[in-house]
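Multiple structures are listed underneath, in structure tokens.
You will see two complexes here that share subunit A, one where it goes with subunit B and one where it goes with subunit C.
And then the complex of A and B:
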């Protein structure tokens, strides 16, 4: 009998392993109907007919969470998994939002073509970031990427491009090119589209991270020299991570351009990069699922504290972040995982005492 | 011609001139101990061979090919494995993932399973645990085991006995002895007793320069040299 892992495969196993995820998706799909019934006192038809009410409003808020989650997941791949500190991540998002909006509005491209434009733009900017990869590391890389994003932020506000990007006001008047991207008239369809994209990306990301390529990304973060001396040209792995993250963030930006009436230049600013950083700190750096939970906590805190407390909400949000960092040092998902590992080890040891289960070997002793 | 040959290696780290003329020869199939005091340049020599701190001048020739200016991942692909000091494992990856990541071709680990778990039975039991949960000795075993996964022809091992309990050192020595039948070894070792029992040859570096080299059997009886360069008898 070999000690090495033999992985089972097959569709049945896939579904069994992802029971929790499928449950979450099912709950999210049912969520507008439940709100419609319970809060609005309306029925299924109200959701499908896009009637005004809490159900429609909360779908809008959820869509914002999903878009933020998509954006934060992409940041987690490069920062949390690969260990690249970029201060220019907002540019990845903004390039998607602006290029999709401009392609649709000014060039009147069909939506698949506009998406292709977004893809090319995303790959180009990943290439731009990768250009400096071999030369700068750590905080220097962060500053260079901040420089790139700042240049982009200035360029989209320039009066020369006002006809396209709308200068400091932002890009407005982008019409949805197809019914399922129409957040105003087909809210539930758009809601389902964002769920599908978010969880599709989530599954893809977890597969990448569990793959041998993902282990090399991980190794690069822990110690790049060690990855190099094992024979990996880490440059290509970092480039790959940047490319995937750039495409994901640009996709989130494209959805944002559909959902918001105006794409303002602030989505290219440093503040929006910090938003991604905050979200993954709340959820747990490097956990991927933490980015989704973090986005939900971030957006809902922001919305409800502002609604209930108005001007003092900024202070309360600050206090909430400090509390999260103090009491959940590895973020919500990260701390949960660490706790459940400890609980499991404790249970195993207890079972070991009574001669039952298999004892987990004690942690490192020096 | 030796299997590995360093000629007049000069390496800088930043502005610091760390290696100022290192010469050494490693014959195929043997264990060579690289000796010297703290800060003499032993680890930098290994890193220079590996391309992690490339030499500014001089040459590194491995099995007939000049690898002085090659990059680390190319050098690794030629069959040189590096076991860095301080238990250089990936703490968040499991034992199996730590081994798996060293595969150069799919199935390398399966092919070496018996060898690796024969040398380090502990690792088999701990296969699912994250590296960080291993004790110091187990982490060192994992670091050595990882270098055994691909077919390496030369292993560079840095301070394998550092900070380990005597009983673990014995096990580590036995492992190095066994793996030397598969691969040539260049060993950096502070513990002279360990080095003298394992290696057939020695090279002493002092302040970045090779000062003496020869057969280990001669050095063992040369108390003056030992006292002068290694500070211990």
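And then the complex of A and C:
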């Protein structure tokens, strides 16, 4: 009885602490209905019936944002938290997309089996990256991982594998294995699935980062020699981070293979790794929530600039990146956190003047 | 007796060197063995041709990689825009070479626009009168920039521009290129100013001044303002006078350039390309890289952003992305007495030459390699024999220490960045006649150059050269194998890699070398 009460209160605390997150999820779930109601002038049934319209289109855009966010979160874990500069992250994503697609299309596996294939492939490539970890560091590690990813990129678009991977055109004709992964006919269901996966991963990541393991990962980033001297075998922690990131990115890739009609080889190229880097720079390096916000800013900026300016949009995007790098040095979330301390301090001082406020100690940076 | 002892000590010393660098020696021996094994399967004239083609690609890769490794060594910036500067060099060179009149038309307004920026202290004094509070000041500077941009845009469009129409066949860049190859290119009918020329010129000067004031107003800390020097005024005046002279004598200059043989025009194109690369490098370093020296990942992002912008600029300005470029006349001769025979054949003015039974192209396998060698020797001399080279080498080891010794390292940084970009631009214009121009050429050679740099040990200049040669040799060798097929043991049929698999070979080589020798072939152990 008491144990039950304690768990209840524990859950209550858990929910109360994450009420912002739950509010965001609720808003995202309601978002298609609102769009359908306000913009399309249609009812709730339009969303559930998968009718054409702004609501359906915006759901598609949102799904792309969620997939990118999932991918960027995994990059943030290894770059922002663990401090490994990898230029081969696109390979993590592309391996997921290709292995899931090929397992479904060529080998006609059931979807849980196909997911198992993705999991194994993800672990294998994390092992490959970890294999070189003890030998190379810093920019050399970046170049070696770039090498791995480039080889993968070249191999999947070579004509020798055209039967499986579709050479330069890419992998196409993957049918959704189950109704809730069907983005054309059951978009709202797929939308909910991506939301569930993204926020599940987000909660899991914040939990990992706050755990003792996460502290060791931070320590590895800040000063690896010191972490080693304190008795942590940093290799295994880095391997763990790579493994988790690889599985997450491969999962994002699998969702991508479901959502896009064609998986092009460009998702394995350096450009796609750069996308992840950009997203977490926009959002804030090392802040997991920054990856989600960064993904939204990145994809929406890209979409609307292209819609409004057409061909010159790449130029504007390049200028926007430079402006972000120069003027938002800690990303959106990082800058917000740095500023929110000052805002809170100002509010407290104001309350102090009127005599009602309590001095709250400034929250410590993670 | 004495000879024997020296020989013995020599042997001992060789043994010691081998002992110290066992991993390096092993890697080199394995590579040598692989190359020998590869050549065993080829005819003699084949392998000579393969080596020369490999050296040619290696020379161009070296021009990109050398700048990359100098910049990385001195200031720890991995300049990912280097490939795009290489590409821009090719496009600028193409324009000077095929459409000299257009290049001249672009240079004139640029000179007018640049003149106000030279006398920056004047504008600092002007912007000192602006409000000093941060917010109004920032608003004022942005407003000035916006007005300046509008004025500049309105006046720049009044300048005459001999532009081609890529949709029209008689005016398409490809057609120009063919005409250059045949030696029948004539300037387009000269355009004139829209409206009064004075209005355009004065308007452009005003626009440039407004932009300069706007930029100088970003400096919120108004300290001691140095007075404008006589030299700065002189430079600005020279720029304006040069622009006026150029626009007055434009037609005769164009005629002179089109009457010039394509060889000389090619050298002119090389010089102007290098100049543009140097100017662009200095510009990027001073304005964009300098604020970010303590944030390395952001530098990566920034250079990537610059790369995107350059690709888009090329796509917008040059219209169609893919061009070809005719070889200069000196390397394009045909007819009687061609192909040339032996080593002397390189100077016979033919397009191809027969050496050791192998048929080589004089431009690709002669001139490009020659320029690569000249740059290698020149930069080595610069690094080893001059004072600035000494500072650079010291800076590679420890920039802080050099600064403590009272040397302005920042200026050396700018210089090296500009030099590296100039070399990349030179590489671009050299590569253009042999591989053609496309917006993707930068990324292609950047990958090769990164590999060369990594193999050579990231910061070592001779290492970059050796790595580039290895990369070039390996690429051509694999292409050759793609045609012949590799006899892999236990396989009945020879394995024929498809052409798309070729770049993978050099990347695998890089990964293996880096895993065996994490600091590269020539790098030091600390890094």
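Everything that follows uses one rule, which is that the second predicted complex is superposed on the first by the 332 of 366 C-alpha atoms of A that agree within 3 Å, B and C clash if a C-alpha of one lies under 4 Å from a C-alpha of the other, contacts with A are read in each partner's own complex, and residues count from 1 in each chain.
Going forward, a contact is a pair of C-beta atoms (placed from the backbone, for glycine too) under 8 Å apart; a residue touches a chain by one contact, two chains touch by 3 or more.
Since the model is a prediction, treat every value here as computed from it, not as a measurement.
In the superposition on chain A, A:203 makes contact with neither subunit B nor subunit C.
Here subunit B and subunit C are compared by how many residues of subunit A each touches, and C touches more. By the touch criterion defined above, A:326 lies against subunit C but remains apart from subunit B after alignment on the C-alpha atoms of chain A. In the superposition on chain A, contact of A:228 is made with subunit B only, not with subunit C. In the overlay built on the shared chain, the residue A:218 is in contact with subunit B alone; subunit C does not reach it. Once the two complexes are overlaid on the shared chain, A:262 sits clear of subunit B and of subunit C alike. When the two complexes are overlaid on their common chain A, residue A:27 makes contact with neither subunit B nor subunit C.
Shared interface residues of subunit A, touching subunit B in one complex and subunit C in the other, do not exist. The touching residues of subunit C, when paired with subunit A in their complex, are 72, 78, 288, 291-292, 295, 297-298, 300-302, 304-309, 311-313, 315-316, 443, 447, 450-451, 454, 458, 498, 500-501, 503-504, 507-508, 510-511, 514-515, 518-519, 527. If you check the complex, the residues on subunit A that touch subunit C are 79, 85, 132, 135-140, 143-144, 146-148, 150-151, 154-155, 157-160, 270, 274, 277-278, 281, 285, 311-312, 314-315, 317-319, 321-322, 325-326, 329.
For subunit B in complex with subunit A, the residues that touch the partner chain are 50-52, 71-73, 75-77, 82, 84, 88, 90-93, 96-97, 100-102, 104, 109-110, 113, 117, 124-127, 129, 132-136, 139, 146, 150, 163.
Taken together, the subunit A residues at the contact with subunit B in this complex read 2-5, 212, 215-216, 218-219, 222-223, 225-226, 228-234, 360-361, 363-366.
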